[in-house]
Structure formats: structure tokens, C-alpha cells
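The following block contains the structure, expressed as C-alpha cells.
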Amino acid sequence: MAVALPEGSLEERLERYLEGFRSRHGLEEARVEGNTVVLGVDPGSVPAVLSTARQSLGILHLSFITVVDRQGSFELTYELLDMRGARVRVKTVLQGEESVIDTVTGIYPTANWHEREAYDMFGVAFRGHPDLRRVYMWQDHFDHHPLLKSFEISTKRTFEGLR
Amino acid sequence: MALEYLEQEPWRFLISSATVIFLVLNIAAVLTLAERKVSAYIQLRYGPNRVGPRGLLQPAADVVKLFIKENVSPGRADRWVFLAAPIAMFLPAAAVWLVIPFGPGMVVADLNIGLVYFFAITSIGALGVIMAGYGSRSNFSLLGALRGAGQMISYEVPLILSLLGVAMLTGSLSMVDIVEYQAGGFWNWIIWPQLPMFLAFFVSGLAEVKRIPFDLPEGESEIVGGFMIEYSGMTWALIQASEFASMAVMSAVASTLFLGGWQPPLPFLDLGVFNWLWLGIKTTLLIFVFQWIRWTLPRLRMDQLMDLGWKILVPVTILWLFVTAGAMLVI
Amino acid sequence: MLREERRAAEEAITLIRPATSRLVDPDIRDEFGLETLDMNMGPQHPAMHGLLRLILELDGETIVRCDPVMGYLHRCQEKIAENRTYPAVIPLTDRLDYFANMHNEHGYCLAVEDLLGVEIPPRAEYIRVLMCELMRIASHLPSIGFLLLELGAFTPILYAFRERERIQNFFEAVTGARMMFHYIRIGGVKADLPPDIPEKIWEYVEGLEKRIKPDFIDLIEGNEIFIERTRGISRLTQEEAIELGLTGPPLRCTGVAFDVRRDYPYSVYPELDFEVVTDTAGDVEASYRVRIKEVYESIKIIRQCLEKMPEGEVMGDVGRRVRPPEGEGFGRVEGPRGEFAVHVVSDGSDTPYRVHYRDPSFVNMQLLQEKMPGHYLPDIMPIMGLVDPVSGGWDK
Amino acid sequence: MQKFDEPNIITTSTDKLFNWARKNSLWPLQFGLACCAIEMMSTGMAHNDLERFGAGFFAGSPRQADVMIVSGTVSTKMAERMTRLYEQMPEPKWVIAMGACAISGGPFLDGYSVLMGADRVIPVDVYVPGCPPRPEALIFGIMTLQKKIEREQQVGYEKPRPALVDEEGNIREYLPEREYRQISEGKAHRPKGIKRLPRTYVFQRKGLPPGSMTDVGWIPPEARERLKARRGAGASGSGEREEGKEGA
């Protein structure tokens, strides 16, 4: 019944997470920033890294998935929390025209709607997602993915021209 | 004399029943205002106070507005059933008043089977609910109708059982006889020997008139009005009027059968012709209790409602029937 | 973009979902030709906490399948934020979860301050916490009221709004607005508290603490019907709650003590003494208890804030023209509904390159899809009360 | 029956009665859209007590409502529903646009899914500015509407039609046709070459993958055949996609 949250002091845990990710996946871009373990992985290994995080290291909470449109590539950030002060940030870059990545709903069921949102807003398709529909926009009457940088809305307000 | 002529049948019956119908319609209108005012005072508000003195003309404005409002009937609705349903709901609420004695000799029709008439007429109300829900052709109203049918038919059973004790004590089914039986003062009222029955009657009466906590057929927050979701204008007003009228009827029947009807609580308070005031006071008090409950309690769920009806009210009433019978044998 | 090809890829994705009808025995259904009833609830529905549409499949009154449809209040918050300067996004965050405006502002400002690396004056931090905790009370009490309103009891919501109205008066005195404050700014707060307000807030919470017992606890918990309607409804285990990514009262009512204020401390929460309220039952009643106890905790925090509040400036050294360096900033606060997180990506210009909000309502609402089946139709209302979503939050 | 061409004693006196009744019993539709809905609720609560004016009954069903308070941002997806709700309300009916969003789109004016004011799809009688308006402002709006209702006449007086503004800014009459799709797109720049369905069809699919239950634009194959026949060639691209999905 009771869920076991990670034990130990914050530094110990960060050390353990970093070591865990490094030993299993041989990640080069892995470092600790404050209370955050930042990992740079390639898109293919995202599910593997996340399942390591959940199953082996006991990081139970997926906070959010952010997609950033870098005009030509998509940058995905998976923010994981161990609920006791440490954060794990998994970053990946989706290159190329075909923006498809494996889903993580099998590992973190809460990713379901996060991925639907990412699909709706950016058109990033998640392979193996159980229910990939648009969350916000009309399924058929709106054929755009509005948060793409190529989709412009009318007014951009900056400080230019102001005092 | 003309007045003597009016005391002959059928004129007496026609005039008195017309009076009663007029009374029912007015009671419904006044009760809407009462409901709003009572709720306002429970909720630390003022309630309507801009229309007429202290908001007294509010029901008039509501009625006139509803009367001149467009009456929409949905395109898919079963038109005749849809339009007949409010009438089928309103008539029973009005017809029960015919057997209620308002004072000594003041009764439209002194039926010797008054109680049976009451049971028979109130169960027609369920028919109106089903007609409304089915005729609207909407999922919400269909659910409301099914709930209403289940609820009103199940609660008929404790309602009838709880009144059998009264019939046993008085040995009569006539309302007039029952009121006569309770003459002499408040200690003679049937509520004392039949207190569990009175409570059972009150609870099943609440369910029968579809008030919170038993307003599942309406269920404002889940099925948005239930069977009356598609009604607008005057048809909706008629449904509302029938609800308020049946609430008043339930209170009047409860005060007639258990609280001595028009009998004054103490013998020296006898007002003669004006004894109907006593009935009015008792009925008003019970209506206030109805409204008090309405604005305090949440709503039950369907299965809990059925549990309450079949597992608590029916056994309790049957048990008390046996107790009453035993007591009557012994004494 | 290769739209057609992407669509082909989408179609290749198989739809894997558990069998819809768990309750009706398929044999019985086929033999008697029984059908389930499809029902559409909302978006205009009294109990939907805004604009939510539920597509329900009913077997009698039992819910077989529930499919929430959102987007009826999609206001393009993230897109518009990309076209506004950093300070000009704050009034938009106000309108995200409109029962927790202060928390939204706070989360966004934390993210931008993370980018800028500015110091916040201690007085401003205390004022922020004070305002956030007042906001939490002004959100929790109405949410309890809405739960009762949807169960059919009309009166508690009026009592709750009476308290909210009084708290709104404080907000008006401090910030100048009743709901949309634009008060927490990047680097501090807009203005100092008016001189007599701390005293009045102190008096108010004294009175509130006395009023909660008779006006809410006795009225609600002493009610047999309330207990019947909420006990055991949508009973969550800790695993389920964590798998669904719940935060806030829906998570804490299962017994998992996760509170951003304690576990990922921000502002001056480490200096304050408060408890993370948990309950073990994991049902609607437990979530109600968690909420009402959190009101007491908030009162405790407000008192400490008023006692410890130092004198001094309320605005850090941030100019009007905020132009953070390239990078990323994160802000995470504990809103009344759970973890509210903001992710700001900057490209070194006036406007954010990307703003992402993680709203607790959005994530917590996944519970509806999973927990509704098996309950009766009227149980939708308590379950909505458990999640207590706000449509501005889930739709952005 | 005599039809009156100009006001006389009968029509003016019934006017007085009817207008008095209508203005004193304005039941709003329980229709909370966004942030303003909270202030609308505050207006109904004990502190401001809208019921004093006889307007306290918030009808859950549009059939029993007289006035629709559009309290918040109207998204294009909601505009369809709002129009339908408006059409479901029985005559006479009024609309109050509450808050900046309902008046013009407010702070979300630039959004790609935000309707630039409720008056683009339904006729609005009273505008209450504010973001959100205070409860006092809403009460003032309702009192303004009451004054407006007082002036109504059955004959001899052209009832001022509420304005309905189209995309070019021209004021035109309210047409019950659902035009929200053409005029609700805002200023969003859209790429070329994307076909749109000319109308919205809402059909419910049974027994198919649950995902497809919510497709707003899905058309059953037989219905699509009929439409195709009526419209000649030209089924949209998205239709074919739906067929593929259905097969899977």
C-alpha cells in the first residue's frame, strides 16, 4: 500500500542518481546543477532512461514535458521529481522532419495527457501512445499546431519603440 | 334565497372545488416567494425586495413573465405527451385538496374512502413525471423520469403503510372522521401514539414530492432539472406549481391525519368558523420544515434512497403496525 | 512539414485501451440486447467547474466509460506569452487558474528570477507568502462549498463566499484589484502593505479560526448524508495517485506527504513552521478533511508571516526592461490544487522564447478518466469536488 | 383578430405590464465561462445578492433562462456551443457581455482560438467592461438591461436590434445560421493550402475505438455520401483520414 519514497540526504541521492544513469546508459552529458541532475540523451533512449529512473532509482513523479520549437528541431524536456528535493531533467533533441518519439506512458502513466498536449501544440507524434488525440484544439477544423514558431499570431509586443 | 340555492348539489361542489383550485394556484405562487425568502434568511441574504413592498409582488412578476414567454417544445419531442405531462402532474396535486376538511363541515367531498383516494391520486403524479421525461426525448430527462418512477413508486409503500395505523386507530378511512377523532386538545392528536409513523410519513412525503434530500428526479447539479429540462414558459411554471402544490398537500394531509387538522390545540381556542386558521398554521409550519430541510441537506444517491425506503422505512412502519394492533387488543 | 506522412505515422499507432465495458457481462448484454447509454455532459453544465465536457457511457446509472474533452476555454496563454515582454506576461498568468492567481504569479516570477538571478528583498518574500496563503484560504473554502453545492446543499457555498469576499477586500486594499492582481512582480512585489492591513488580517484570521468549526466542520461533517455520499467514493491507493501524477490534496489525501512548500522549498517557507496535512483514506471525504486542515495550516503561516515580517524595501533591483540572458528558468510553487510549475526558455530577447505551465488541474483531471468507471452518475459530483479543477487552469 | 398598426391603449397598457414582469424576473442562465464566472457567482452570493432584483434564480437549462451572461473568454470551440445555447433559449431573451474578453477578446485578443467578442456570434444587449467587472458593475449592467426592457413596445416602434459585427467590422443583423466558423478565426495568420469543412457536423459514433468518440467533424460514411452527392465533388481531406482510422 504505502509507497516508498527515496531515502538519504539530498547530496547522497543526487550522487546516486547520477551514478545510476551513468553506469546504465553511459551518458556523457550528465551533470549536477544545484538540486538537479541534468541529462542529455538522444531521442531513442528516452524510454530506457526514464524507466531506469522509475524502476531502478525510484523517482516516481513526472512533473511535466516541455517541447521547445527550435525551428528545425524540437527540444524535449522531461522534468522528474523524486518528491524529496531532487530533480532529474532529461533533455533530448528531435532532429529532422519526422518528429516522432517513443511514448513514456508505459513508464509514467501521467505522461498521457502531457504527450497529448505536446502533440496538439507542436505536432510531435508519440509512438505507442494509447490515445493520441488533440487535447485543446478541434480535431478537424484546426489543422495547425499553434505553438510552432512558423504559426504566427498578429501582434508581437516588445520594448522596441518604447522609452 | 340564492345562498340556499348555492348549497344544493352540484353548485356547492362546483363552487367549492373552484375555490380550492384557486387556492392551490395561489398557494403555489406564494410558496415560491416563501421559498426564496426562507432560503435568503438561511443564507444571510435579503432575498427579493425590489418588486413591490418587500418583494411581495415577485411571484406576480414571475408568473406574468412565464405566461408570456415562448413555449418551446423540442423538435424531436413526442408533442402530445410532452404537453400533457404538466397537466398530469398538476391535477393530482390539486385534486387531493377535495377531501381535506378545512373546518367543521367545510369539505368539498366527504368521501368515506378519503385515505384511499389520497393514495390513488398521489400515485398519478408519478405518471406525469414519466410522461415528461419520456416525451422530452432527452437523455437527461429520461434518466430523471426513470429515477422519478423508481422513487415515487417505492415510496408509495411506506407512505401507505404509515397511514394504516391511523386508519386502525380511528376505524375509518374518511378524513372528516379522522379529524373528529382527534378533537379535544393536542394530547388527543394521533401523532403521539403514532410518532414513528408520522416520521415515516414525513420522510416518504418528502420523497413523494421530490424535495431535497430526495430530489433525484430533478437533481439540479447532475441532470440539470431532470424530467423538466426541456420545459419552458408556462409548462415549466405548471410543473413548478404542481411541485409546490403537492408540497402543500403533503403538509396539509400530514397535519390533518396526525396533528388534528382544523382542531384547535386547546379546547378554549376554538374559533368556530375560522378554525381553518388552525389547519393553515399547522400546514405552514410543516411547509417551513420542508424548506428548512431543502436548504440544509445534500442529496442522496439512488441506491441509498432505495435502501432508506425498503430497508428502514418499510420495516419500521410494519413493526409499528404490529405494535399498534397489539396495543389496541390489550387496551 | 510533411503533414501527410505524419498522419500516416499517427494512423500506424494502434489504439490500446482497456475494454470499455467492465461492468456489463457481455453475454448478458448480447442475450437481452441491452445497450449502454451515451450521454454528453457539458460544457455548459452546473457541476463541471467551468467548461468541461464529459462523454459518458452509462449502463443504467453506472458509468462505464468517461472521456473528458477539454479546450473550450483554450486561451492560447503560452502562445501569447511568447509575444509579450517578460513583465507583461504576469497579468496573463493571473488568468490561468483563477482561484489561485497569486500562486500563478509567484510561480512565473520565480522562473524569471531564476533566469535573471536577482535577489528578492526579504520583506517582499514575506508579503508574497502572506498573499499566497490568503489566496489558498480563499480557494479551499469555496472548493469545499462547491463540493457541497454539487451534492445538493446550497448553503455552505454562501458561507464560503462570505469568507472569500472578506479576503478579497484585503486583496483590494493591498493590490487594488479583487481578482486579477498583477501584484507579484519580477524582483519583488508592486507595493508595500498599507499600514493598517497587517493588523486587520490578524484580526480576520483570529475570527476565521473560530468560525470554521461552527460554519463548516459542524455543518458538513455532522451531516450523515454528506458522509454517505463521499465516503469511499473514488478511493485511491498511493500507487494509483502517484502513477496518475496527482499532486496537492488529491495526492495528500492518500497519505503521500508531498508538498512543494516543504520538499522543494522556495521563498521563505523553510523559515516557517507548518505541517504537511495528510489523510489515509484517499477518498472524497479525506480530500475534504485535507482541505479544511490546510486552511488551519495557512492561518498558522499567515500569523508567522505577520510576526516575522521585516522592514525594508519590497522591490529588488530589476529595471522595467527585463532582458534575461539565454537559458532556462524554472519556478515551482504549491498552489491550492497542487504543484504549479513554470518553465521559461529565453533566447536573450525581450520576450520569452517559450513559456510552459504545468497546471495541477490539468494533470489531476486524468483521474476522471481512470476513476469514474464503476461509479454511479451522481458520484461525478463528489469526484469533481475531489479533483476541484479550474477551467482556466486546465485549458490554459 | 384585430392587428394593431400603431400603439393604442390596449397595447400600451399590456406593454407596461409585460415589461414590468420581464424586467423584474430576469433569470440568468447558469453559464460560467471563465474568470468572470467567479465574479458572477460572487454577485449571486450573500454579499451582493442578485436575488434582490428577482434575478437570483440561475437556471441550469437554457429553456428556463431569460438572460445569458457571457462571463468570460469565448473560444472558437465554445462559440459553437454558446450559439446553440442562445438558440435554445426561448424568446424574449437578452445577452449581457461581461468582461473585456466577452466584449472584444480582451487580453487574449491575439489568440488563435479566441473569439473577438461574443457579439460576433450572438447579439449582445449590454456590455459590462472590466477584467473582471466587479459585482457592482454586473448589477449595474442588469439594471441597465432592465431600463432597456422598460422601453420595449409591441407595435409602433422599431426595436433596436443588438449589433452583430462581422469580420470586416460591418454591423449586420443577427442570422441564426451558425456563422461562427467563418468569422471567429481572429487575426491568426494561417498557412495556405489547408482545406476546411464548410460546416460542422457532430455525429456520435458507436462501438468504435473510444478515441474517435470525440471527433467533432466526423461524418458517418453514408451521410458523407449524401453530402457528396449534394455538393458535387469535394469531400475534404480530413474525411479520408477518418475512414482510415475507423478501419484500424
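Order of writing sets the chain letters: A, B, C and D. Residues in each chain are counted from 1.
The criterion applied here is as follows: contacts are C-beta pairs under 8 Å (C-beta built on N, C-alpha and C of every residue); 3 or more make two chains touch, one makes a residue touch a chain.
Keep in mind it's a predicted model, so treat the numbers as computed, not measured.
Remark: the per-chain Cα centre closest to the mean position of all protein Cα atoms belongs to C. Comparing chain pairs C-D and A-D, the larger number of C-beta contacts belongs to C-D. With centres set at the average Cα position, the gap from chain C to chain D is 28 Å.
Rounded to a whole number, the gap between the C-alpha centres of chain A and chain D is 39 angstrom. Mean C-alpha positions place chain A and chain B at a centre distance of 62 Å. Centres computed as Cα averages put chain B at a distance of 44 Å from chain C. Shared interface positions of chain C, defined as residues touching 2 or more other chains, are 15, 17, 38, 45-46, 71, 74, 76, 79-80, 83, 158, 162. Shown for chain A are the residues in touch with two or more other chains, namely 131-132, 136-138, 143, 146, 151, 153, 155.
Chain D has residues 46, 60, 77, 110-113, 210-211, 214 in contact with two or more other chains.
Pairs of chains meeting the touch criterion are A-C, A-D, B-C, B-D, C-D. The part of chain A that touches chain C in the complex is made up of residues 1-3, 5, 35, 60-64, 66, 68-69, 77, 79, 81, 83-85, 87, 97-100, 108-114, 117, 121, 123, 125-132, 134-138, 143, 146-147, 151, 153, 155-160.
By the touch criterion stated above, chain A contacts chain D in their complex at residues 131-133, 136-144, 146, 150-155.
Looking at the complex, you find that chain B touches chain C at residues 39, 42-45, 139-140, 143, 147, 212-213, 215-216, 219-224, 295-304. Looking at the complex, you find that chain C touches chain D at residues 7, 11, 14-15, 17, 20, 38, 43-46, 50-51, 55, 65, 67, 69, 71-77, 79-80, 83, 91-92, 95, 98-99, 157-158, 161-162, 164-165, 168, 178-180, 391-392.
Taken together, the chain C residues at the contact with chain A in this complex read 1-3, 5-6, 9-10, 13, 15-17, 70-71, 74, 76, 78-80, 83-85, 88, 237-239, 242-245, 247, 255-256, 258, 263-264, 321, 328, 330, 332, 339, 341, 343, 345, 349-351, 353-354, 356, 358, 362-363, 365-366, 395-396.
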